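Look at the two complexes coming up: subunit A is in both, with subunit B in one and subunit C in the other.
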Partner chain A sequence: MRSYLSDRMGAALLMAPLLLFLVLAYAWPFLGVVKWSFTLPTPGLGQYEALLTDDLVQSVFIRTLRIAAIVTIVSVCAAYAITVVWVRGTPAQRLIAEFCILVPFWISVLTRAFGWVALLSNRGLINTWLQAIGFISEPLALVRNEFGVIVGMTHFLIPFAVFPLASAMRSLDDRVLLAARGLGSSRMRTFWTVFVPMTRSGIIGSAMIVFVFSLGFFVTPAILGGGRSVMIAELIYLRIFQSPDWGLGAAISVVLVLFVGVLMAVLFRYVKPRQLI
Partner chain B sequence: MTNDTRKQAIDSLSAKAGRGEISRRQFTQLAALVLAGTPMLLRSTGAFAQAKELVLVNWGGDAITAYDAAYGQAFTKDTGITVKMDGSGPTEGAISAQFKSGAPTWDLVDVDPFSAITLGAQGALEPIDYNIVDKKKMRPGFGWDYAASTYFFSYIIAYDSEKYGKDAPTGMADFFDVKKFPGKRSLYKWGVSSWEAALLADGIAPASLYPLDLKRAHDKIAAFKENVVAYWGGGAESQSVLLNGEASMAIVWSTRASLIEQDSGGKIKFIWDQGLISPGALAVLKGNPGGKDAAMKFIASAQDPQKQLIMFDKLGQGPANPATDALIPADKKRINPVDPDNMKKQIALDMDWYAKNYGAALDEYTKIISA
Partner chain C sequence: MPTYRPGPVSLVIAALVALFLLMPLLAVIPVSLTPSRMLAMPSGELSLRHYRALIEDPRWIDSILLSIRIGIVSSAFSTVLALCFSLGVWMFQPRFTAALVGFVLLPMVVPPVVSAITLYFLLTSVSGMSSFFGYDTWLGVVMAHSVMTVPFATVLILVSLSQFDRRIDLAARGLGATVWERATRIIMPNIKFGIVTAALLSFVLSWEEIGVTLFITSVNAITLPRLMWMGLRDNIDPAIAALSVILIIITVLVLAVRSVMARPRGGH
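What follows is the complex of A and B.
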């Protein structure tokens, strides 16, 4: 009992500086943003009213949600396949999977975005190759549009989707799978009716992480979207730095943070934080 | 030297003259020296004592080393004040944030003059001290209450000469004409120049461009959307859309156009016709840490033609001081946006219009291009 208590005290003490840092570096300045949203350019709820009527803000919000949803589905599916190989494959397969997961982690988001431009543009590798084999006559519009944004974001987010899935798959009791097989279930049926449902918490956690991350993307849509796929972070940038219309920019930020907060609350109802790592 | 010490110096001089140690003539000469030297010495113990450093914020990249080579090092040598270059991009919002923080860490900013008009009205900038900054060393019409022009660039058409052969575009009408000049286009993501281009293409005469008919411009831009492959947001991006063949024609900064021409081995060319001239200016933050006087002196020192020539060589910036034009070698005149031959083909952006209308116009533009 004594050691349990002192453990908790020790943990709290170790966590304290981090908590203090988060409050000072994020929460406190964010209160200033909240204040702007109610005071600039004139005090009142005007900026929140504008949010409901401004069609640029609305169309950008809808686009952001749509892109985030598509990116989430694609990333989680791809990550699921990679994670199965990583957790349950042969040693050689695991090595390849680790390589695929970790290498993108070490490359900057900017480099990766420009890499995709080089691959996907009109005279990029993919279009050149497709034209060379006679598959297409005109280059496909693969980048500087929403498609390019989705490809770039998915590529960035797959590693983040892998970890919650890996955690769920590792904590799965193998004997359950053996039991299913022993009772005559086929490999496919075991996978779909036993393995997948039992990793549900990993799927939810992974989807939530990817979705929340997607909402805040800035660089990738700015480069791969070609100005046509403005997402919410870039709209905030535009309002704060280009326009500069701080009140509305702040109001958009507050709504975004609230939205993410609600999502996280929902997530933690279904998934324990430790399952996410 | 304070007034007291000055008085003492003169007293001691007159005592010496009285004792016959120095002649009367020597006395007047020495006294004149003491009196003439005083204002400068006063300044050195006043503003200069607190200002041993100035922070100049520009748009980054090559500008950091170029500003240092042309202006920073020379200013340090002359005054003992170090000039630190910061490339973080002084957008209107960022300057506003510095000012509102109550304790700015920036001194000088490389600012859009229309932002300086807005920020000056908010009280975020020091008025330019035209007793220190020489208005005669600027092109007429390019010095404002809160910003002094130090260079020029221009939004001009760059095009793929291989694709169009001998037919070079001759203005904005050609830019919007995909029948005559087939291929994709690229425009600036933040609107400036796109409105003017659309209206010129729609037949509005350069002289009656301002105030911009935004409705008409936006209709034209909306109808042209499918021909635009990308709206570029920064110089590097504008270079890459042309170099990798995504766009066959683009409106780009003149400072980048000559680089694109070089990098493409002459395949991408540019024209000055209906280019949109834009001044770049320096402004001083209100309550800047390095002191107002030191910052004004820096701006004055940046008016030197030799220094502006370095900026032209390094970044292709058109000089603000017309005296620099004569220093540019004949073979380089072609890439100077304010060379008289080039300038007469172009139109200057109306900074007062931008100060009043930019925010709302950009919102509408963003709505159209991202719809």
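What follows is the complex of A and C.
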């Protein structure tokens, strides 16, 4: 009995510091943000009413959903292609694929956004080359618009889309694929009717991760959108720092958390967390 | 080894994706060598002036030193907290384990901008009580970065604990080892690779953190990403290209060393 009690004491003592830290530094201040959303600038539901009626807020919400949807489709397809090679290629192909996935993954979001500015801006690589070969006479507007945001976000999120797909593809039984081929199915047909359906959990997990990340994405849209293609996260930043409208920023945050929470709940109904790593 | 290999069509598409992934990293190299003061391609001659600017401008050096200091302190803090928590979970398997771990992982799942406004609320409230921990102080940034990195450290340590054979710990316990002895002499030496990885990842995450840092600093605590952000937002400074090239080279080297050290176990 004594040892049972001291075990529980030990657990409590070991777990307490982190739990206490997160309650004080995260949970409690989040409740403060919730309070802001109901009290600033005047007490009441005014900020939530604004979310439903304000044209600017609405258009930013719709743009965010649209960009997130496009980025999700493009990233998952691109990630699928490179993951197939990473998991099932020859050793040399696997090494190259791994390099191309992991190096960008470890490089900071700012460096990557800057790289895209260097490529896409008016005097950047792509416009310089296209003009040099006489393909265009005026630089194309590739950045500081929605196109630039989608390119930058897709680039950032492909590695995140890879991991759930890789885990689904690794656990797939080769013999099933060989059986399909052996029974006379073509490469294409084996891929579309056997391989893809069997990695469905990976596709769902990957799409949900990319979509959820896209919703709260801040740095890439702010730099590559150049203030013209504002997404929810940047709107929160602008409300807090440029038009000290803390109540609205807080209300948008609360709605964003609820929205993401619902999406995660749906995700975990279909995919076990273990399959995502 | 898989016997079912990707065909030529998959290889071509994958190669295009690989090119897309590497393109922005390669693009910064020519830009960093431009003699122009503006962001532009070098036309003809090359110059190292933007690399020199990094060394000569004290703002860059100061922000690098500050980022290193914040990274080390927040990484140590979050690794220790994560280690204690994970040991508690693993050794005693308390009730509500799933809920407690879920709570610890929240900062990893919640959109970063919401964490940012939350930590902004925290630090502006604390500012009134103490001038050391609050908004725009380096200890404030340490506190915020620790919140953001602690879930990652916890996941890594829990994963390495799950691969450790529980019977070894039970044997030590049966032979009369105290909780302290089991933790420090049996368990920790066996998961030291996981602990080191957790500390390293926490440092890297803090070193490149910008989403939250932007909300909680203004003029005093200018970390390296914060300075890069300022250079990117206003007038694009080619010194950032030089810095990016250096950061990319370091990343590639570290990954190369890591893949040589960690025997090929496949993937992640």
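The rule is short, and it goes like this: the second predicted complex is superposed on the first by the 251 of 277 C-alpha atoms of A that agree within 3 Å, B and C clash if a C-alpha of one lies under 4 Å from a C-alpha of the other, contacts with A are read in each partner's own complex, and residues count from 1 in each chain.
Just so it is clear, contacts are C-beta pairs under 8 Å (C-beta built on N, C-alpha and C of every residue); 3 or more make two chains touch, one makes a residue touch a chain.
Since the structure is predicted, the reported quantities are computational estimates derived from the model, not experimental observations.
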State whether subunit B and subunit C clash or fit side by side on subunit A once the two structures are superposed.
-> clash
Quick one: name whichever of subunit B and subunit C touches more residues of subunit A.
-> C
For A:T90, decide between first (touching subunit B), second (touching subunit C), both and neither.
-> second
Considering only the touch criterion stated at the top, classify A:R144 as touching first (subunit B), second (subunit C), both, or neither.
-> first
Looking at the overlay, what does A:V230 touch: subunit B (first), subunit C (second), both, or neither?
-> first
Which partner does A:S59 contact after superposing on A: first (subunit B), second (subunit C), both, neither?
-> first
Give one of first, second, both or neither to describe whether A:A25 is in contact with subunit B, with subunit C, with both, or with none.
-> second
Can A:V117 be said to touch subunit B (first), subunit C (second), both, or neither?
-> both
Could you look at A:P244 and tell me whether it touches subunit B, subunit C, both or neither (first, second, both, neither)?
-> first
From 7-15, 25-33 or 97-105, the subunit B stretch with C-alpha clashes against subunit C | 97-105
Touching subunit B in one complex and subunit C in the other: list those residues of subunit A.
-> 117-118, 121, 123-124, 222-223, 240
Show which residues of subunit A lie in contact with subunit B when the two form their complex.
-> 55-56, 59-60, 63, 117-118, 121-124, 144, 222-223, 226-230, 235, 238, 240-246
Which of the residues in subunit C come into contact with subunit A in the complex?
-> 2-7, 10-11, 13-14, 16-18, 20-25, 27-28, 30-31, 38-41, 81-82, 84-85, 87-89, 91-92, 94, 100, 103-104, 106-107, 109-122, 125, 143-144, 146-147, 150, 154, 159, 179, 204, 207-208, 210-211, 214-215, 225, 228-229, 232-233, 236, 240-241, 244, 247-248, 251-252, 254-255, 266-268
Footprint of subunit C on subunit A - complex, ascending | 6-8, 10-15, 17-19, 21-22, 25-30, 32-33, 36, 78-79, 81-82, 84-90, 93, 96-104, 106-119, 121, 123-125, 128, 155, 158-159, 163, 166, 170, 174, 177-178, 181, 187, 191, 212, 215-216, 218-219, 222-223, 232-233, 236-237, 240, 249-250, 253, 256-257, 260, 264, 277
Inside the complex, what are the residues of subunit B that reach subunit A?
-> 91-94, 96, 184, 189-190, 229-233, 237, 240, 244-246, 358-359, 362-363, 366-367, 369-371
